[in-house]
Amino acid sequence: MKVLYFAWLRERIGVGSEDVTPPETVETVGDLIDWLRGREARYAAAFEDISAIKVAVDQEQADFDAPLAGVREVALFPPVTGG
Amino acid sequence: MGVRVQEADFDVAAELDALGSLDPDVGAVVSFTGLVRGSGITAMTLEHYPGMTEKALEAIKAEAMGRWPLQGATIIHRVGTLAPGARIVLVAVASRHRGAAFEAAEFLMDYLKTRAPFWKKETAEDGTARWVDARETDTSAADRWRTGDAKAS
Amino acid sequence: MGVRVQEADFDVAAELDALGSLDPDVGAVVSFTGLVRGSGITAMTLEHYPGMTEKALEAIKAEAMGRWPLQGATIIHRVGTLAPGARIVLVAVASRHRGAAFEAAEFLMDYLKTRAPFWKKETAEDGTARWVDARETDTSAADRWRTGDAKAS
Amino acid sequence: MKVLYFAWLRERIGVGSEDVTPPETVETVGDLIDWLRGREARYAAAFEDISAIKVAVDQEQADFDAPLAGVREVALFPPVTGG
């Protein structure tokens, strides 16, 4: 599964995208974030305040409880500020 | 017409003329142009989510076309590094009457501001850069349209 | 900027650029362009009340500038005989934020439609001409602004 | 005093403006219209439906009860239809 990061989340984690293979117990976007948090300090720091994080699953807006089964691409980013 | 994400500037007059010429019954063209506000900054950099951005803008446009009797709608959003005063975004719609045109243009901007995956980073005069915070008022502006009820037109 | 009544067409891009350049803190330029709807007509003739027209437009502009934090506003209205598809009117405003810009532009059009002394006469394809009736919806649109309360912005 | 007519009112009356000298009993715009009505059939026809007539006094919106004392210019016209 591909995970993408944007804006300050990308900067804190240090990469814009990566391929990850979480264990089967990781069933939702929320689980994925918890799992990433446990990997390295930079992830823990980036996901410190989960309320500031938005989610897209396969390029559609989604929630933390969105299931990951069959998903190809998860994007995590701060609230959008375009326009 | 349509939806575009690009680094290049755009030609507002050409876009508005194209909307106005779509149909002999276009009576109203409303446009919003967003500019980089220049106070205290030397540059504005726009990051986006290629692939999702275009889909999100197409979805926002489709929703506007479904809610109001529009003959056309245009959304152009720039990405990359822009100077103060530069155009960032153009939203424009064509309709028979002004009520629908004003509402649809404001709707497009409110939804774009909260649903299209763009992020702004400002570079200050001292060289430091910071990501622009999302504004709570943008969320409440978008929430106004949730009921599906149009305002008085 | 300012207020103009003229027979000649106008350059929308030049007008919007002028508004956008007024001040480094302009972040939003909203424009309304009114066009001659072409179905079934061969010409639209606009009569006005020279002297009063300019005063009425200046008064409408001053009221908008007082109600919203605008850096500038432009009203251009054509008179004389216009072909289908021709531009009739341009209203455009510059502000820091889009809420004020959208509201002020809509206010300007609603007030112009009910308070500026212009009258439209349509020439049909069979050569007959008729004066356009005032629309009740224009009166109710203008009345929305009477309380002095701005809508959600 | 100058009286101006616009749009179909101008067409029905046949002139765009004229100088008139009503008697002293004509004190308001409403009186002026009544007095004009009595002059000729074309005025009576033009002012048949008073509810369709708007007024400006010295180039400012006004009502039928606006006084004429000191006024230089009265304009009578149908509801505006610009924009």
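As written, the chain order gives the labels A, B, C and D, with residue 1 at the start of each chain.
Criterion: a contact is a pair of C-beta atoms (placed from the backbone, for glycine too) under 8 Å apart; a residue touches a chain by one contact, two chains touch by 3 or more.
Computed from a predicted structure; not experimentally measured.
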Legend entry - Leftover contact groups, counting everything except chain C: A, B | D
Legend entry - Computed distance of Cα centres, chain B from chain A, in Å: 26
Inset, instruction - Could you give the separation in Å between the centres of chain A and chain C, each centre being the mean of its C-alpha atoms? - result: 48
Inset, instruction - List the centre-to-centre spacing of chain B and chain C in whole Å, with centres computed as mean CA coordinates. - result: 22
Legend entry - Set of chain A residues in contact with two or more other chains: 83
Legend entry - Residues of chain C whose C-beta touches two or more other chains: 34, 98, 109
Inset, instruction - So, with touch as defined above, which chain pairs make the list? - result: A-B, B-C, C-D
Inset, instruction - Quick one: which bits of chain C touch chain B in the complex? Just the residue numbers, please. - result: 11-13, 16, 20-21, 24-39, 84-85, 87, 96, 98-99, 101-102, 105-106, 109, 137, 140-141, 144, 151-153
Legend entry - Parts of chain C lying in touch with chain D, wherever the complex brings them together: 34, 46-49, 51-52, 55, 77, 88-89, 109, 112-121, 131-135, 138
Legend entry - Parts of chain D lying in touch with chain C, wherever the complex brings them together: 4, 6-8, 10, 56, 59-61, 75, 77-83
